[in-house]
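Several structures are given next for inspection.
What follows is a pair of complexes built around subunit A, which joins subunit B in one and subunit C in the other.
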Partner chain A sequence: MTSALVSKAERAYIQASLQATPPLRGDGRGLLDFRTVFLETGVAPLANGSARLNIGKMAHEGGGGTEILAATKLEVEDVETGDGVDGGRIVCSVSCSPSAYSHLSSNALDELQYDLTVILQQTIAHPSLHPQNLTIIPRKKSWLLNLDVLILADSGNVVDAVFMAARAALWDTKVPRTRAVEYHAPEEIQTMRDSAGAMDIDQREAIPQASGFDTREMVRTAADFELPDYWDEGEVLNGRERWPLCVTLNLLPPTHFLDATLSEEASVPSRMHLAFSFGKPNASKLQSMRLSGPGELDLSQIKAYIADGEKYACDLFNALEAKLRDEDARRNVKARNKFALR
Partner chain B sequence: MSSRVEILNDGGFRSDGRKQYELRDITIDLSQQGTADGSAIITHGLTQVMVTVFGPREAKMRSQTLHDRAVLNVEMSVAPFSTGERRKRSRADRRILELSAAIESTFEPVVQTSLYPRSQIDIYIHVLQQDGGLLQACINATTLALITAGVPLLDFVCAVSGGVHSTEPLLDLTTLEENDLPNLTVAVMPRTRKVTLVTMETRLHVERFRDIFELACEAGQTIHKEMKRAVKDRTVALVGAMDAGAKHPSGDPDRDLTMEDR
Partner chain C sequence: MISFASFPSTSEASASYAQARHPPEVEEELGMDLDEDDFDEGVQRLTVPGEPITSSHAFMRGHGTFVDNEEVIASVAGTVERVNKLITVRAVRSRYNPEVGDLVVGRITEVQPRRWKVDANSRQDAVLMLSSVNLPGGVQRRKLESDELQMRTFFEEGDLLVAEVQAFFSDGAMSLHTRSLRYGKLRNGQLVSVPPILIRRLKSHFVALPCGVDLILGLNGYIWVSKHVKESEQEGEEGFDAEAVYSNRNDVIDDATRIAISRVSNIIKVLAAHFVPLTDTVLLEAYEWVVDQESHVKDLLHDEFGEHLVASLGVGIRQ
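What follows is the complex of A and B.
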């Protein structure tokens, strides 16, 4: 995606060593190995969900690697008058820091941002993945979920990293609990006041009313909502297991490899981005596919690549899922225990 | 005051439990970020800013270079999720241009640009979280990033914000206080005791200005101590790593000597 400058000789050298038996990579990894992935959730206190992700940070110097910051923020939208959609909507945006792409001009940076935004938006905001709990009041109010991804540093494989960070931020998102509120016009007040003169009696008793516990009819007529005071920040997004993951296959026939560094990316002609969603166990769905770079592929080859990609994505999914549950435990159970021990 | 929150209560405490002249927690992280030559992440309470510095290097556009000194190029980006209400600011947003112009003019007299003619120093500022004192955090982080990049400076630049509540001066304001009080940001060079920036967007009575200005200059010295300690710690760690690297080769005579001594 980015064109780091690699000389012809360097490109040939990298290609030859990748195609050698056994294949060799600059950092000693196998073809299907990822660099170390660091992930932390809950990094932005003002966001509804957030995550910071780093792929390939150097262990000792503490620098390098692809660094992504993703955060979600919820906004209330009016369906009738505003531009809200019944059931809520999701808007994604990717912004690239100029320090990640210091060789690009600001126009080129905008184009890159736009490209990545389109990839993310088309995949994440697809109706098949839409969470059910973004409605506040049906046909009146709904949540707008803004997903902002910030690329702070790029050292290769940025699309996979963006998807992983986005998935972690969405996983972490908490939707505030709401309670519908209905307004009753106090009809009898006027007549009562006339007869009672200036006397002010609490009129509410006089209005025949349904039980306050009966909220079945309320939703239909509700006009507004309120936020009940509750101990937690809200409930998680419905179907958060479904959020997709992307694996990028860097194609260098006859082989392919994962998690390319910048120089490897620059020396491989084409790559294939495959986004998979694993809603139910052992049932994966291909959510999007994109082939970038020149050249052509046989249909049978594409089938083989998709099958391979699914396998890699499944491994990645399991690892990420374990990490996310671990993070949840770290921030809730362990933090609570630590606090109790103080 | 019209605010529902008491800015300064009878006990002399502010809304976040600080005393009048108390500064917020400062944390400084000088570890390397990506491929930048120098970088720093500073947090003042809940305000967090990351600055990366590239250069001095050849400018992308030749026409922008000056023949006798380096050009400082400040670019700022504010994360959309950094504030309470989400707002995406473009690069050409007026507020951002204003802030980056203020930072550029603050550092112009401090960086020894004449040492690097026909080159450019890029300063990229990322605002990750905002809770008041944005300009102060940007300036402090830029100083630290320039230092870690090894760009020669005449002195540190330490900035702090201050405000006045009726007649009482306060230091290091949060968003809540910034919205309600007349406030100013002062950047000082602690060794020479020169001031490189005083900026104010609200109105302040001229009799109150002297108090808060002197107080802010003094607070700059305190921030300087923190920044100096962070820089020193990092340098000590680097020198330690260099020594360890130098002693590592097996043919080193010093190492043999110590082995025999044992």
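What follows is the complex of A and C.
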């Protein structure tokens, strides 16, 4: 996407090392090895869900690595006035810190941000992944889920890192519990019902004549909502296992490799970004695919790459899933300790 | 193969580092008020940003400090230095501060009329004039218009080179030169970047390790790790062969050398992550230790292995 500068000699050295038998990478990793990924969820106290991710720094090093911060924030939208969509919607944005791309001009930086935003938005906001619980009051109010990803430093493999961080933040997102509130205006309803024959469309027609304790139909008439006081922050997003993950295959025929560093990225002709979603166990879906770079590919090759990519994505998914569950456990323990200390 | 980890916890660190520890001689100094005597030679005082150093009546503020409430206060973390009445703080982590005569490794970022712009990890890009490189056809030759037209055949964007700081321009940018047979374009290896403060000044910054790897320790924190070239086979020994000096093609490098290059690069990264100053002896000792362990190259990326490596150097670092 953005190629850091490498000299011809460096590029030739990297390519020759990768194509040697056995292949060797600059830092001794195997072709399919990732660098260590550092992940922490719940880093932004004011967000509904957040995650910080770093690929490739040394544990005690001050800087280094690809550093990503992702956070989600829920906002109430009015469906009736037209800015909201019934059922809620998701808006993603990716911003790049200028310090991460000091060699880029501001225009080039904007283009890069736009490019990454489009990839993320098209994949995450796809209807097949839409969570069911973003509705507050049907046809009246819904949640707008803002997913903001900030790239603080780039040392290669940004797209995978962005997707991993986005998945962790969405996994961590808690939707506040809401309770519908109805305004009682019995007389008005009465008069309405009297003149029901004259009015063509009126939702309130459906108001039950049954007992006042029956609140099942209340949502239909509900005009507003309130946030009940509850011990936790809310419930998790519906179907959070489905959020996709991306693997980037760096293609250097005849081989390909994962998790490229900046100089490796600059020395391969093309890349393939594959986003997979694992809704049910052993059932993966290819959510998006993108080929970047000047190279061309045969259809048969693409099939092989997708099959390989699915395998890598599955490993990545399992590892990330385990880490996210660990993080949940860790934060529960932390919260309990904090409570005990009080 | 992917492994996830948690960020090193800050609470753990703050428990063990809750109290600052110092060598005994510094500990004694700490409790005292600062007088002129405190800036004696030999005692290195460390600051954190925002820490009051001394009164602004008695001293002048220099780089890395500011004055507030009649006190000179450090604005960076580093060591306090004093020249007569001038107090400066030399930052631990900063960009490279060039000095004339320093050996640097840089990367061409731009080709301009009669000059190249070079990224040398400094605050500004360095400048390499066409008149300060070796031109084909002999060292003592006037530069011609044809040389100006084919500057990209010497260096083009992205090329790495080793050079020496020749002078400074009025705006503080450094001017480089490659007018020596040892300087010029780099090939047959890879670049590792570390904080510039970790590079010690050595007798020679061209280091040849016995494993067939050459190192160029640029004082700007860029380190070039490459295949060993025998003294007698270095380009330009007899006469000056422009083809070879400005070549972009690598020599044939065997797998063992490639593995050694990767291993040395990883050792440098590990040492830099643990903030160990790099010298030829430290690197040699570390390399021998790693080879003794008969480890795979990628083992070095593991946290524990790196810690063992640094611990094994314990003696060598202090010497």
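Going forward, the second predicted complex is superposed on the first by the 301 of 342 C-alpha atoms of A that agree within 3 Å, B and C clash if a C-alpha of one lies under 4 Å from a C-alpha of the other, contacts with A are read in each partner's own complex, and residues count from 1 in each chain.
Convention: contacts are C-beta pairs under 8 Å (C-beta built on N, C-alpha and C of every residue); 3 or more make two chains touch, one makes a residue touch a chain.
Being a predicted model, the structure only gives us computed values, none of them experimental.
The superposition on subunit A brings subunit B into a clash with subunit C. In the superposed model, A:289 lies in contact with neither subunit B nor subunit C. When the two structures are aligned on the shared chain, A:32 is found in touch with subunit C, with no touch to subunit B.
Of the two partner chains, neither subunit B nor subunit C is touched by A:76.
Contacts of A:316 after superposition on the shared chain: subunit C is touched, whereas subunit B is not. In the superposition on chain A, A:108 makes contact with neither subunit B nor subunit C. By the touch criterion stated above, A:91 is placed in contact with neither subunit B nor subunit C.
Contacts of A:67 after superposition on the shared chain: subunit B is touched, whereas subunit C is not. Residue by residue along subunit A, subunit B and subunit C are tallied for touches, and C comes out ahead. Listed for subunit B are the stretches 27-35, 81-89, 99-107 or 153-161, of which 153-161 clashes with subunit C, judged after superposition on chain A.
Counting contacts by the rule stated earlier, residues 61-62, 64 of subunit A appear in both its interface with subunit B and its interface with subunit C.
Those residues of subunit A lying in contact with subunit B across their complex are 44-47, 50, 61-65, 67, 69, 71-73, 75, 93, 95, 97-100, 102, 105-106, 146, 148, 150, 152-155. Interface residues of subunit A, counted against subunit C in their complex, comprise 5-10, 12-14, 16-17, 20, 24-30, 32-40, 52, 54, 58-62, 64, 103, 263, 315-316, 319-320, 322-323, 327, 330. Listing the residues of subunit B that touch subunit A in their complex gives 31-36, 46, 50, 52, 54, 60, 75, 77, 79-84, 86, 88, 91, 122, 124, 126, 128-129.
Remark: subunit C residues 1-8, 93, 107-109, 157-160, 185-191, 248-250, 253, 255, 258-259, 262-263, 265-266, 269-270, 272-274, 296-298, 300-301, 303, 306 touch subunit A in the complex.
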